[in-house]
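Below: a set of structures, written as C-alpha cells.
Two complexes come next, and they have one chain in common, chain A, joined by chain B in the first and chain C in the second.
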Partner chain A sequence: MSRLSIWIILGVTLTFLIGPFLIVILAGASAGEALSFPPQGLSLKWYAKVFTVESFRASFALSMFLAIFGTLTALLIGIPAAYALNRYDLPWAETIRTIVAAPIIVPGIIVGLALLRYIVVPLNVTITMALFMVHTALVLPYAVRVVSSSLNNLRGDMEEAAVILGCTRFQAFTKVVLPNIRGGILAAFILGFVTSFNEVPASLFLSGPGVRTLPIDMLSYMEITFDPSVAALSAILAFLSVAIVFLAERLLGFSRYV
Partner chain B sequence: MSDRFVSLTDLVLSYGSTVAVPNLNLDIHEGELIALLGPSGCGKTTTMRAIAGLLTPTSGSIEIDGRDVTRTPANKRGIGLVFQSYALFPHLSAFENVAFGLRLQKLPDAQVRAKTEAGMATVGLTGFESRKPAEMSGGQQQRLALARSLVMQPKVLLLDEPLSNLDARLRLEMRNELQRVQRDTGVTMVFVTHDQSEALALADRIVLMNDGKIEQLGTARELYAAPETAFAADFMGFENIFHVEGGHLVNGSARLPLGFTTDAPVLAWRPSGVSVGAGPYSGKVRSSSFAGGHREYVLDSPLGEIKADASIETAEVPIGQSIAFDLPQDTARRLMA
Partner chain C sequence: MFLNRKEGLALALPAAFFTLLFFLVPVGILLSVAFQSDTGWSLNGYFEFFSKPLNRAVFWRTLKLGLLVAGASAIIGYAAAFCIVSLPPKSRGRIFGLVVLPLMISPVARTYAWIVILGRTGIVNDVIVGLGLSDTPIRLLFTETAVFIGLLQLFLPLMIISLVSAMENIPRDVIPAARVLGASWLQVFLRVILPLTKEGLVIGGTLVFTGALTAYITPAILGGSKVLMLETLLYQKVNVSNDFVSASVIAMILIVMSFTANIVLKRIASVRR
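Our next item is the complex of A and B:
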C-alpha cells in the first residue's frame, strides 16, 4: 500500500473517531439558542447552564452513586468469584464463566426488560434498587474478567509459601494475593465505573418518574428542550471519561488488563 | 539425634482418583541432608508436599519430632519450604520477604529486625534489604528464599529442585552454600531432585523413587556403587543392562554366551566397565564422541545398543567399522530380577 493511501485511511478513521467529539464540543459552545452545527458564535453560557439544571444534578448524583457502588458491589462478588474460578478445579467452571460473561453478550435492552418484567414488577423493587441491581450485573463480567487476568499472572505457589510461613488461607489471600492484583482491581473498577456511567439501554427500562440516570435524563431533556446545553454536558462527560482513562493508563498501565 | 525425626508410615497419597504414592515408609534422621531422587512423576514432589502439609494423605501417618502431624495444617507444622520457583512475594522488599513469617508470629519489631538481618547475613545478602525480588539475580532470589525459610528456624527444611534453575557456576556455589547452612544450623534438610549428580553431590542419604515406591535407599556411595535393581542401576549410569538365561546374555531374541558363570538374573555394566578393542564380542560403531578424558562409543551389537567408553590413548575407530569388546566379570554389577 502506498504511503498516501495509508495517510488517507488514517485520516478518515481519526475523523470518524474524533469528529463527533469535536462537533459536540463546538455545538455546546454555541452562542445561539438552538442546538446546531456549525455553532452560531461562541460562548460558554451553555457549559455554565448545565450546572444550573436541577434534574441534571439529581441524575448526575444517581449515576455517580450507581457507578461507584454498583462497581464496588460487582468487585465484592467478582473478586472471590474470579479467585475461585482461577484457583480451584471447580466442576462447570467453563459454564460459570460463560454465564458470568452473559451480560456482555446479551443486549442491555433485553437485560433491562427481563429485570423489569420478572423482578421489578413482581417483587415490587424500588426503581433505585432495580437500577443498582442491573448496573451491578452489567459490571460484574468486567470485574471477573479483569481480576481473572491479573490472577493468572500470579503463581499459586506464592500463597503456599505464605501458608508455610504461618498464614491461614485467608491471610495468604489478603497479605499476598490482594496486594499483587491491586492494579487489576483498580483497572476493573475504572472500566466498571465508565461502563456503568455510560449505560443507556437497560437503564432506559428502569428509569421512572424522578429517578433517572444522567444519560437517560439527557435523552428526555432533549425531547423537550433543544438547546445546546446537552451538547455541553456531553462534552464535559467525554472529557471526564478521557481524563479518568488517561490517568489510569499513566498510573497503572491500564491497557495491560483490558 | 533421633533416627526417626521425620517418620512416614504406610503413607498413601493421591490426587482425586490417581494414586501417586501407594504405600511409603521412610524414616529421616535428625540433622541429615536427604534427597528424594527420581524421574518426574515418581512421587517425590508429592511426598514432599505431604511432609509440608500442602497435601493431606489419603491414609497413613506423618510424624515430625515425635509428634503426629498428619492432620496438622501447613501453617502450624514448623516446616520450611524453598520452592523451585522461589515463590518470593513480588510486592515486598527483600527485607520484608524475610521478615514475613516473623511478623506473623507477632514478635516485637526489634526482634524481627535482628532476626531478619541475621538471616540475610547468613546467605550473604546484607545490603540488599530494600531491593525488590524482581531486581535481584536468580541466585540472589534463591538465597533470599532460603533466608526466608531459615529465619523461621524450621524443624525440617524442604527444598524443591534447589539447583535446577541455576547455571553451572551458581550451582556449585549454591551446593556449597546449602551444605554450609546445614552444618551451621544442623537443620534436617529434605530435597527433591531428578538429577542424580545433584543428589550424589549433596545428600548424606538418597531415597531413589520410582512409580511412587522407594526403589532403593542408601548413602550416595552405596547407591552409586551398588544399585540393586535395573531401575536404580540405569539411574546411576549403568547403561548396559541385560537379563541372564542359561549362561547367556539375553536381549529380546538375541542371545550371546556369557564368558563367566553367574547366578544373577540381571547384569549391568557402566560404559566405563565395558572394555573396547579386545574380547569375544563384536559391534559396529554407530557413533563416537570425544568427551575429554575418554571417548564415548555407541556400538550396534547382536545384543542391541552397547555404550562403551574407551581410553583416548587408543586410536579412534571410524563409524561403521566393527570393533571387538568384552563385558568382563569384574565390572559387572549383579542386579535383582
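Our next item is the complex of A and C:
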C-alpha cells in the first residue's frame, strides 16, 4: 500500500477514536449556557464551576477513596495469591485461578444488584462498604495477573538461594522478591486505580442518599441539566487519567506489565 | 517451586474467598431467583420473560448490535492494524499509543462526546440544517445507529490492539512473496493474513462482543428508553417495575452469553490451528 493511503486510513480511524474528545474539551470551554458545538465564545467558567458543585466534590472524594483503598486491598490479598499460584505446587490451583478471574467475565451490573439485595439489605452493610467490596473484587483479577507476569520474569531459584543462605521464607520474600517486582506492583496499582475510578455498571445500584461514585454522579447530573459542566468535568478526568498513565509509562515502562 | 501445600493455600485462599463471598455467592443467589416459584423449582420465570415481545426484541437487538459492532471493528481493525504494522518503528509506537489512549479515559466521558456531536444542537445537525438537507434537526440520538457508533468507538481499540500484536508475528517477507507469486490483495488477505492472525481476531472479537453485550453507559446515554438493550432493560426492570424475576433472567442471559462467547471463540482458535 502507498504511504498516502496508509496515512488516510490511520487519520480517519484516529479521528473517530480521539476527535470526540477534542470536541468535549472545546464544548466545556463554551461561554454559553447550553451545551453546543462549536462553542458560543470561549471561557473557562464551566471548568471552574465543576469545582464548586457540592455533589461532585463528595462523589470525587468517594471515588478516590474506593480507587486507592480498593486497589491497595486487592494488592494486599492479590500479591500473596499471585505468589502462591506462581511458586507453590497448589492443590486446586485452576479453581482458585478461575474464581479470582471471574469478576472480569461477570457483567458488573449484575454484581451491584446482587450485593444490594443479598448483602447490603439483609446484613445491614453500608453502601460505602459494599462499593468497597465490589471495587476490590473487580480490581483483584488485574492485580493477580500483572503481579504474576512480573513474578514470571523473576527466577525462582533466587529465593531458594536466599533461604539456603539463612533467610526465613518471609525474609526471602520481602528482601529478594518484593524489591524485584516493585515495578509490576506499581503498574498493577495504576491499572487498578484507573479501572476502579472509571467503573460504572457495578456501582449503578450501589448508590444511596449522598453516596455515589463520580461517574454515576455525572450520569445523573446529565439527566437533569444540559449545561457544559459535564463536558468540562469529562475533559478534566480524561486529562488526569491520560497524565497518570503517561507518567507511569515514562517512569517505569508501564506497558511491559499490562 | 515450593512443595509446602498448606503454606501455599494460606497465601492463595484469602483472595479466592474474598471473591467467592462478596462476588460469586451474591450473584449465584440472584441467578437462582428466576428458578424459584411458590411450588418449588421451575422455569416459569424464563417462559414468562420470553413470552413478552418487548423482552424478545431487546434480546435480539442486543445480540445484533454485539455482532455488528464486533464485525465492524474487525473490518476497521484489520485496515488500521495493517497500516500500523507497516509504519517505521518510531511512528508505529506513537500511533499505537494514540489508539490505546481512549481506553484510559472514563467511558462516561467517551460516550458524552457523542451527545455533543449527535444531539439536536450538535455538529451533525448543524451541518444538515445548514446545508438545507432538512428544515428541522433530525433525531440522531436515541437511535440504534447512535448506540452502534458509541459502542464501536468504545471497543475498537481492543480489536486494533489484538490484531496489531497478531500481525507483528507475521514473518516480514510472506506478504511480498505472495504478491510476487501473483496473489491479489484479496487472496493475500484470505490465505495469508487471516490464517496467521486468527488468534488475534478471536481474542479481539471476544473482547469487543462481550464488551458490547455488557456495556451499560452507552445504551443508557445514547439509546435511552427508546433503544433498550439487555443491561438498560435490567435497570428498568429493577428500578421502574421492581421485577426481580426478570432481572434474574436477564442476568443469566448476560452471563451465559459472555461465557459462551469466551468458550466458543477459544475453541475455534484452537481447532483451526
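As a working rule, the second predicted complex is superposed on the first by the 257 of 258 C-alpha atoms of A that agree within 3 Å, B and C clash if a C-alpha of one lies under 4 Å from a C-alpha of the other, contacts with A are read in each partner's own complex, and residues count from 1 in each chain.
In the analysis below, contacts are C-beta pairs under 8 Å (C-beta built on N, C-alpha and C of every residue); 3 or more make two chains touch, one makes a residue touch a chain.
These numbers come from a predicted model, not from an experiment.
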{"item": "Side-by-side fit of chain B and chain C on chain A, or clash", "value": "fit"}
{"item": "Partner chain(s) touched by A:161 [first = chain B, second = chain C, both, neither]", "value": "first"}
{"item": "Chain B versus chain C as contact partner of A:58, first or second or both or neither", "value": "neither"}
{"item": "More chain A residues in contact - chain B or chain C", "value": "C"}
{"item": "Which of chain B and chain C A:171 touches, first, second, both or neither", "value": "first"}
{"item": "Which of chain B and chain C A:211 touches, first, second, both or neither", "value": "neither"}
{"item": "Which of chain B and chain C A:133 touches, first, second, both or neither", "value": "second"}
{"item": "Partner chain(s) touched by A:180 [first = chain B, second = chain C, both, neither]", "value": "first"}
{"item": "Chain B versus chain C - smallest C-alpha distance in the overlay, whole Å", "value": "9"}
{"item": "Chain B and chain C contact sites that coincide on chain A, given as residue numbers", "value": "none"}
{"item": "Touching residues on chain A, where the partner in the complex is chain C", "value": "1, 6-7, 9-10, 13-14, 16-18, 20-21, 23-24, 27, 34-38, 77-78, 80-81, 83-85, 87-91, 93, 95-96, 99-100, 102-103, 105-111, 113-115, 117-119, 133-134, 136-137, 140, 144, 156, 169, 194, 197-198, 200-201, 204-205, 215, 218-219, 222, 230-231, 234-235, 237-238, 241-242, 244-245"}
{"item": "Footprint of chain B on chain A - complex, ascending", "value": "155, 157-158, 160-168, 171, 175-176, 179-180"}
{"item": "Chain B to chain A touching residues, read off their complex", "value": "52-54, 73-75, 77, 79-81, 83, 85, 87-91, 100-101, 104-105, 148, 152"}
{"item": "Contact set on chain C toward chain A in their complex", "value": "1-5, 7-9, 11-16, 18-20, 22-27, 29-30, 76, 79-80, 82-84, 86-87, 95, 98-99, 101-102, 104-110, 112-117, 119, 121-123, 153, 156-157, 160, 210, 213-214, 216-217, 220-221, 231, 234-235, 238, 244, 247, 251, 254-255, 258-259, 262"}
